[in-house]
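Labels run A, B, C and D following the written order; every chain starts at residue 1.
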Amino acid sequence: MRVGVLTGGGDCPGLNAVIRAVVRKGVQRYDYEFLGYKDGWRGPLQGRATRLDIPAVRGILPRGGTVLGSSRTNPFNEADGVRRIKDNLAKDRVDALIAIGGEDTLGVAARLCAEYGIRCVGVPKTIDNDLSATDYTFGFDTAVNIATEAIDRLHTTAESHMRVLVVEVMGRHAGWIALHSGMAGGANVILIPEHRFDLDEVCGWVTSRFRASYAPIVVVAEGAMPKDGDLVLKNAAAEDAFGHVRLSGVGEWLAGEIERRTGKEARTIVLGHVQRGGTPSAFDRWLATRFGLHAISAVRDGDFGTMVALRGTDIVRVPLGEATARLKTVPADRYEEAKVLFG
Amino acid sequence: MRVGVLTGGGDCPGLNAVIRAVVRKGVQRYDYEFLGYKDGWRGPLQGRATRLDIPAVRGILPRGGTVLGSSRTNPFNEADGVRRIKDNLAKDRVDALIAIGGEDTLGVAARLCAEYGIRCVGVPKTIDNDLSATDYTFGFDTAVNIATEAIDRLHTTAESHMRVLVVEVMGRHAGWIALHSGMAGGANVILIPEHRFDLDEVCGWVTSRFRASYAPIVVVAEGAMPKDGDLVLKNAAAEDAFGHVRLSGVGEWLAGEIERRTGKEARTIVLGHVQRGGTPSAFDRWLATRFGLHAISAVRDGDFGTMVALRGTDIVRVPLGEATARLKTVPADRYEEAKVLFG
Amino acid sequence: MRVGVLTGGGDCPGLNAVIRAVVRKGVQRYDYEFLGYKDGWRGPLQGRATRLDIPAVRGILPRGGTVLGSSRTNPFNEADGVRRIKDNLAKDRVDALIAIGGEDTLGVAARLCAEYGIRCVGVPKTIDNDLSATDYTFGFDTAVNIATEAIDRLHTTAESHMRVLVVEVMGRHAGWIALHSGMAGGANVILIPEHRFDLDEVCGWVTSRFRASYAPIVVVAEGAMPKDGDLVLKNAAAEDAFGHVRLSGVGEWLAGEIERRTGKEARTIVLGHVQRGGTPSAFDRWLATRFGLHAISAVRDGDFGTMVALRGTDIVRVPLGEATARLKTVPADRYEEAKVLFG
Amino acid sequence: MRVGVLTGGGDCPGLNAVIRAVVRKGVQRYDYEFLGYKDGWRGPLQGRATRLDIPAVRGILPRGGTVLGSSRTNPFNEADGVRRIKDNLAKDRVDALIAIGGEDTLGVAARLCAEYGIRCVGVPKTIDNDLSATDYTFGFDTAVNIATEAIDRLHTTAESHMRVLVVEVMGRHAGWIALHSGMAGGANVILIPEHRFDLDEVCGWVTSRFRASYAPIVVVAEGAMPKDGDLVLKNAAAEDAFGHVRLSGVGEWLAGEIERRTGKEARTIVLGHVQRGGTPSAFDRWLATRFGLHAISAVRDGDFGTMVALRGTDIVRVPLGEATARLKTVPADRYEEAKVLFG
């Protein structure tokens, strides 16, 4: 048996841990061979692969990123994409594929499996934790830890200068990172994409915090929007003198508004890519390793068209199609639960 | 409504986060008053308490340990213990108690509630993660992170000197910390109390690792035992010249045996108390905060005799008695799952 | 003897460690009393102070920020400033002042001491490490550690996506943070204010890195400027739709230029306030503690008008005036030393 | 020009950073070739070497340990040692050697250079920071950071249970790690090898701490000794049932004595190998990188028989012989300086 492995979409701490676990178990327990396709779906499309054996995965468990590289290439958007993939898999004598990725990468796997008979098993990956089929995805815990550490650091600056600090974290469509890091970091306001915020209410929380002689930290997901959000987006995009389009993030915009309305100094910190790089947390290494161990078992069992997922403390298999069907957003009651700590 | 809060047993990162969440929500949402009893059950027994209001819980979220102090005092072992507790609660006009602790502390709460009508809600705490009623307890993730970081550091020393390093982690009765940190840290052998180990097999893994020119890390829970374990315990206890009884830990003993049998240099590192102190991980702060928010809601609902617990991503209530009935140990299949990575 | 203490300017990890050391030694060894003035020079100006004794400084050693608060208030810019300070010191029966701060704060202390006979001892503080009288200032090592950790995290993202990552770190006038964190993080290009950079040369290093199939990290101090820098600054300031003036940082501008010129995707990360908050590194706690211990000894010795400073591993006293006379920038040979690692 | 590189003695964070800097500068600036000898002096003795070029040193900057391996082999203790080294260097066409190591490794280099004309440049390495020729050695800052973090974590445990915690850190002959981490961690007592301690005085500090209702942390260097120390060493060594010689460390012994004399519970934590492994701190990477850059310049300049050293912020060259002549211990006045914070 020869198995191909690929990683697609944005990088995420834990990808290498999945690859290592797949190869270690596949080689030692089942005597399989492995081929690592480079840069997501671009790899099998262009026939770019590298041999994966046990020495090749040595030492990669604690390393962020992916040794296989990644891309957002979608073979369904490429001329003759599916046929080229089938040809390359045949040429490489690859019997099955393990695709590690998010909605897009797994969506391709689901179609290739269902419509074209390519034998795929999926491993879910999204730093945003927004796949409905699994309790958690790896990378998320690392991102939350990094954001929480940053919030910890910012508290002392906010207090020393009696300033508002606005921390913009990842989360375009789902507010999980903001919710978890905001709760863990003791933020005074948490704003998420699922719930359009009211600027007056935000300023009320900020002001009440100062009244108790403390300085507030506002955590805002990059996709959070005010109630009059369309206006914002229209205006915040601007072209600079060198022709670069500059998009004012919600964090910077929000700090400006808070300053204008409350008269308190406000500063923004955009955590950005730091959240998604570097060594995975212990939880993410454990989850990614278990995902890898179970993914190769699914291959062994011939259980194609499935994806591994975490439910409680169990790893289960779910249909690939279901996995990507629905975005997992923060439910209203979970946001309400946190809101009692605002202000 | 006036609510008493106490923390019992060994300290654990996240205790302060529970206290803060209880008080913040209780005061802001329900307008309750709070009394913090000092040093576990010794507090209500001796009537030692301190007022808990919002300023009192400020800034404690990221701090390890417990601002209330802790003890292993059991009122059922004290003369007239229950009556003294009832008297002190009455004197303090405390209507309900939130007890944060492990098996022992919650066992007392269960009996006081069931047999003596004292209105208690429990919050589970064990760094070992061995309570069967909840998927996770806070403190565990922090301990696993610390142990994993230590293992990360030790890999380079092992490799540089081609030595075996034996890392002894916490876990007298359950191997969760060893299992999770061992998997996350890429240990080559993991030994847990649930499964008596075979020294020959351990030495086999160690030797095979050297054969591949790497140096092995062995993670061993403090409660792990060899197949001929009784012999070991009898001999390892010794009295030193000053009359201190010295118990040789399993880690040190194991390193000695490995060295003797394989001829490879072996060293032991006992992580000890470092695992249970200091700032909680983001996960533990989030879990502890949610436990606190739900515990005070249980008080509000008059749902006494219950304990909060994590199931998947939900916080639920379970009967206090059930909570402490059964130790949650590592199931055989979970250990098997990890074993494919040994050697 | 009663001694006043104040902290001025931007917050910096280690301020609390200085305060604690001053008070611990002053009380225990010399039996002094202490008054903490709030918010830098605004404190003695407005007579706002708090008693500092040993319980008041308990537990503050590892905490970032300053328990005394800070400001940029300059009494020489305030009506009747000096007289109000003298009156308040007299009213508070304060015999000497320890001023902890940067160029501005210490400049005030120097003048108050030299021109008005107010007995001052200074402790140097600048996260940028740009005071010529001392080998290092506390806060700097912490900032470098944080920036280095961020660069570590970003390497894996850069590699996984074959992108240029531009990291903007603090340093308006001196490039020490960029130089140290860039060297420690293995950056491929380091740009500092002391040396105007050539965009073509920067793009050459970036391209050569890709040619070796790696992805580059560019570390740029916020004050670094291209050879045609005036043009940039003029254009990068823009007003957004809400009337906030937005200044495009050099990092974002540089990423845009690199992308345009090399055709490689480039992203910016602005570390910002995260660099200056949170718990100090061990080095900074040690240095700040020693500064505090020696500052109170200078008071004891009546050695006013001086500032403590680090020379090698010794703490020495230098005249306050000298201390702030000249900015310590990165010498050309130190930049050359690092340059061999570029590309 | 072909240059050999070797690392000897105990591993230390920063060794790889030196190797990388040597090779990067040597190849890029001087067009040298490099050979990495394996396992310290055993490498040239046995002719075991590996080619070092730029790809070979890629990514090793942040990694602890040494990619070249290490040993304590001393060619002067081997039959025909010097001749075999000379033969192997000739066979490998190696013109000069860079030896990275401590007293022993550099002592060999000094003799080989002075007595046998082998062209050597030294880079000092000792995690204990006890070489008199240099202000700091790399690895030390990392060790101090790790020990300080551990002390931070232990404070909350000590407070929660009102226990004495004794932390044993590295330092057989010099107390630098204990002094720096103890000061940075806010230890209540620091005991170092340079100053025999008085148990009564230690117990006095411990008791006074409890009187102020706090719990003490005692930091003790592994080489610290009580005034009646000979007695201790004689008794603390014991043989266990399996024939392993067990030496009771000073930490464990001290905790026992404190418990016996003060009646307070005391626990020991031995940090051990965790202090010397893992990724170097930013300071250590910076120092090690600069040492490497300057060592290869010394080779270029033909300045053999020298060692690089840090003086203030400058890297200088000192004679190899001088470098290892005298142990740098903690001077009495530096210990006195810290002592005001005890109790």
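What we mean here is this: contacts are C-beta pairs under 8 Å (C-beta built on N, C-alpha and C of every residue); 3 or more make two chains touch, one makes a residue touch a chain.
Here's who's who by UniProt: A, B, C, D = Pyrophosphate--fructose 6-phosphate 1-phosphotransferase.
All values reported here derive from a predicted model rather than from experimental measurement.
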Review point. When you check each chain against subunit C and subunit D, which touch both of them?
Key: none
Point to revise | Remotest chain, subunit B as reference, centres from CA atoms | key: C
Exercise for review: Determine the centre-to-centre distance between subunit A and subunit C, using the mean Cα coordinates as centres, and give it in whole Å.
Suggested key: 34
Practice item. Would you kindly tell me how far, in whole Å, the mean C-alpha position of subunit C lies from that of subunit B? Key: 40
Revision key, fill the gap. For subunit C, residue numbers touching 2 or more other chains are 152, 279
Practice item. Make each chain a node and each touching pair an edge, then name the shape: line, ring, star, complete, other. Key: ring
Check your understanding: Which chains are in touch, pair by pair?
Key -> A-B, A-C, B-D, C-D
**Study point:** subunit A to subunit C touching residues, read off their complex
**Key:** 10-11, 13, 15, 63-66, 69-71, 146, 149-150, 152-157, 159-162, 165, 234-236, 238, 240-244, 246, 248, 252-253, 256-257, 260, 267-274, 276-279
Check your understanding: Where on subunit A is subunit B touching in the complex?
Key -> 21, 24-25, 28-29, 54, 58, 61-62, 135-136, 141, 144-145, 147-148, 152, 180-181, 183-186, 212, 214, 279, 281-283, 285-286, 289-290, 293, 311-313, 337, 340-341
